[in-house]
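Pasting in a structure now, in structure tokens, and then I'll have a few things to ask.
In order of appearance the chains are A, B, C and D, and numbering begins at 1 in each one.
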């Protein structure tokens, strides 16, 4: 209904290949960015930012990371949590070893460590496929988890075993640490996520992204076309882990403020995997939808009784929300196995063709 | 009939044998392919035709023999080596990338020709965008050639069989190969689609000078298109020569023509 | 002799828009000095000098819209014209063009005009035989052919076209196999032209300056329904003068967009794609191919539109077909929306809510969102289809004219709903009705400033077409209504009278039948017969969908058409039409044909008008059976398939009686 | 350097040699946990073979079954009645899963079904905690007439302590495998199940609906889970921590091959013993706790050599 495309014609390949070739989509994106950059910081409460928007952004980035690997390159990984942890610990170490260098630089560098580890654990992907590969990445998950617990150097011998975020400034404004306001952290996070999403969309549209999809769709044909499987898969592991690593660093520095190994456990891996699946494999926009669904829904569910004025034991709420989420996941998978992104695509297609069915 | 200069031998298969476990797929076969010719490989089902193509582009490693490709002798080809030195192919059961659009499938054929590295790709700006657009243009020419303008942004999984075959040919052409291996390009097509496909094959051969080796069951197509024919049966070379000679070969008639038709 | 000329008729019909046409603010530059700018080439150079960087035309090629500015067009034309000179083309000779709609056609045509040559356009889908006739008759010395297919066609008729010296082909694909002394590639032509241009730098400008308004530019084929086409000679000056009159009746300017979908050889496309852009700089866009035409049209979003009635009919049928698959809510919206819009239309208003919710979306999906003036011409458009588009908010208008009269010369003003008339004549046009009967209906005679200069090499036909004092006999029957609007009834010759003396217009009834989504083509019979009968062809796409939805199996057009359920469906449609006809004009019997009427079989003209004499002859056996009251008839006949192969069809056809027919039978019994 | 090599490559073996009774004790401990891994893996394999579903919920099914048993008993239901009820609960679960999850998702990609079983996991955790509470519980070992004492086996100049419950576990596991083997070899449904693993069409020709087969294998997996839950619960206690341990079944699976029952058993034993040996003799070098990942590393190393697993079928790629 909303779409009006008559008269939108392309005179260059650049315009034709744009991410949003339809004018209405571009307007929609501009509106979303406007809301995200202006309305949310101005009107959002600290609670809203801290419990919803900031974690949502962190997980969106991690989801994009896993989606690049699973949705685009077709390699299943259950080690996302650990790769996020590598980023977090790397960032923590960098920030304490080089306190004078800006924290944003550290954040971006820390992804490189995750990328390196990711490549290492991606090596078996040449020989192993599917669920077998998933087990290989589980090895990464548990091994790294163990490292976070057992290598005191990583948490600077802190007796609590946790890493605590120091205060770091940029232009006199506290970006991290106890003094950083939620709005500052939100805006830094948002900017990074927007830029990295843009880069991811660039990558997947070029030959790199196509090589990944070739490997995903039919690895044999890809090989016969001249795509070398190992470098291609490893690049996917590297980029994916980089995104996860940065997400992990952001998670600790801009959201939690302190973290212990359980933050990067197998449960986090599954949570991100859910975000990918529910959001939609092979869709960057879907990554955001998936992150919203899996993160924000439980928060809302937990808050629901309170909002309705019903007093229920916290544990009960927790259990019921688990049941509801588990059931909802199954329902979503049944209704649209390709995730929210496909749901949105279908809806958009309907809007574009209405009143015609196609 | 057609005017092309058939050139030197561009690829030679020498004494190649291939076994799977105990099963002999190809037994001591030798033949050659000359530049700019259309070479047909025929034979009954299970004669080892597809395996032969798989050996030529390096997907299978033969136990014995060697492949001489553009003057270089190889114990066995490697898929990457084959692709990067100008061998492209299509598959009997269509090996397109189902989740990608026609355009992306064709662009995938250009992957080896794209040079801009990770940094530029991440920015998708300047040289990377220029390169992408230059290749898009080449791909558009193929789209124009194969008359598939109306489906360029359709995911290939949704296309009917005949069009998928055409897109797969397009992807192979996008690689600008010197040697094009076509595995049953007309299987399952109706008469009109076969005529179109024959026309494309001839035009590729004539205008781009591409050498073509094809497997095909439709004998009239084979006789019309090919310059020389290799006949395989049970993995062995049965005959090798121009269509008019092969079609009169008694062994061929008995093993293949007589039985199959 | 009248029959001889009926091909000359460019049919007609259109209707009104609610929106008043936009008044052009800037005066057309050509209007400033019309006397100097009296040929196409002069206008081209004028535009190229004054608006060098304005987009003149676009073509979707290799996936994107490539734009050509006036300077680029002029450059291209210059190169081609010099190339043609280098081939030895002389003033007054003829250049033929064959191929699909592309800018290079327009450039080639203009280049020929620059050289003082006349151009004849040949429909891309004609068979070699017809192309041969046109080449021989026009004496073309150079032919532009789009691609290998067209070249083959021209080479096939080589001996007949004795004057033909060169064939210039545009698309080199597949041409490697051809080695014919007459063949010149596009690139070679440009190379030769460049060489000549270097040698004689002012040759081109001199040739253009040598052109005069009296020179004949276009030899336009008339689509004969009964005979070989004739070539109407259209001089530049008169042609341009008439198109200026058109632009006064329906103004347009440099901001407007047109999409070239109709065949370029057709007179109206010559008006829209050649003359109008030259005069008012409306931008013309060429789609990528047949399969993408409607999608490409939507991308451009033209402000002006001209489509043949059958395209409008097909579009309306497609819309309904697609809505058949829609969900209940969408269908409800669609039906309610149209009911409201049609009701509002009757009251001369618009249904705002329906327009806002439904129609604007529909217009967008079809690419009509920006259309300010849409026209239909070439044949009559049924009133129901006409209202359908008006209700949708497409400002559709009927126009009427003939090839010999530079195309359209009457156009509805779009201010009121008018499904009958073809509107008022342009300000340069006079219309007369001769020998009117009691109702004022007589043959339409027309005279205006843009008339043809006679048929090429056919003095006899010219004399027959024109009266002593220079009026053109249109061969159409009609009358002028109280407001001075022209109402066209049918071909004079086609107005038929039954043996019982009932006068009727077969075309009128056919159009009613064709509004049914299930009837694709039809022929109404009855001249000199006791009652009316019809031969129907199913509209395959719609009937197939209908059959699928009812799980009726079928494999081919033939067995779908023969299916008893389908026959019953069509019987129902015929009854519906009968109900809207006066008693004497109701169809008594009909049959459903086993094949589509086809231009390749000569049953339709290239503009898809029924050739009644061919039908009468080819289906004589069927017609006799209809009137003999037989219940079934066996046929065995030869047909041409889509791919050009010939084959035989054998079928048993069921002949149906309608309710009216049964009543007649009872009465006569 | 030499010292390090000595610590890694020589010392552990010297220890094994010098304290053989302790070595046997370690082997036994490894064997027992291996049996439990094998039982969980067995549940996976059953389901994977029949429906190509990688059932992540197998671990939580173990917990859920054990919780139900203990929970029902706490409500005053006699132990064996509770056991019977638990079997019924597992049947109900199998039917529900087939109806509500598998059937609507038939023909979806593996990963989707995999995710659905994770959804099922969440659901079961929530349900289990809601109904029975989240705190650890004690298994009703004695009420089920399972032995609780221990044998002391004096041998090799020392003592090896064997818990009776472990011996019972081994016996019950062996019995269960035997019963399953008989069922699959001798019954119509067993043949159908074996056929379905190869080809869904072929299974239909046996005359049993695919849906029935699914219910049967999920039920069988449920019963296996119940048995596993009892054994495991008797060794430690019944809590949700079990589900992480259940993840150990994954390396067991890939080691054995996803579709092989003998593979699951062998894999379980290898992992169980390997892990214990590694932890006891080498773990100290790394600060301990290597049990958490050693199994995966063993499986990974193994996969690199044999990507299809110990008993998996060789994959021949075709174009």
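As a working rule, a residue touches a chain if its C-beta (ideal position, glycine included) is under 8 Å from a C-beta of that chain, and two chains touch if they have at least 3 such contacts.
All values derive from a computational prediction rather than experimental measurement.
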Work out the mean Cα position per chain and let me know which chain is farthest from chain A. C
Name the chain pair with more contacting C-beta pairs, choosing from B-C and A-B. A-B
Where the centres are mean C-alpha positions, what is the separation of chain B from chain C, in Å? 45
Averaged over CA atoms, how far is the centre of chain A from the centre of chain B? Could you give it in whole Å? 41
Based only on mean CA positions, could you tell me how far chain C sits from chain D in angstrom? 77
Rounded to the nearest Å, the gap between Cα centres of chain A and chain D is 32
Where chain B touches two or more other chains, by residue: 59, 91, 95, 136-137
Residues touching two or more other chains, restricted to chain C: which are they? 63
Quick check: what residues of chain A touch more than one other chain, meaning two or more? 12-13, 220-221, 224
Which residues of chain C touch chain B in the complex? 61-63, 173-174, 176-177, 288-289, 291-292, 295, 643
Note: in the complex, chain A contacts chain B through residues 12-14, 17, 199, 202-203, 205-208, 210-211, 213-214, 216-218, 220-228, 235, 282
Contact residues on chain D for chain A in the complex? 54, 100-101, 104-105, 108-112, 114-116, 118-127, 129-130, 134, 244, 247, 250-251, 253-254, 258, 286-290, 292-293, 296-297, 299-300, 303-304, 307, 309, 317, 319
Within their complex, chain C touches chain A through residues 58, 63-67, 298-301, 319, 322-323, 325-327, 330, 333-334, 357-358, 360-365, 367-370
Would you tell me which residues of chain B are touching chain C in their complex? 2-3, 136-137, 140-141, 143-145, 147, 149-150, 152, 192, 199, 203, 206-207
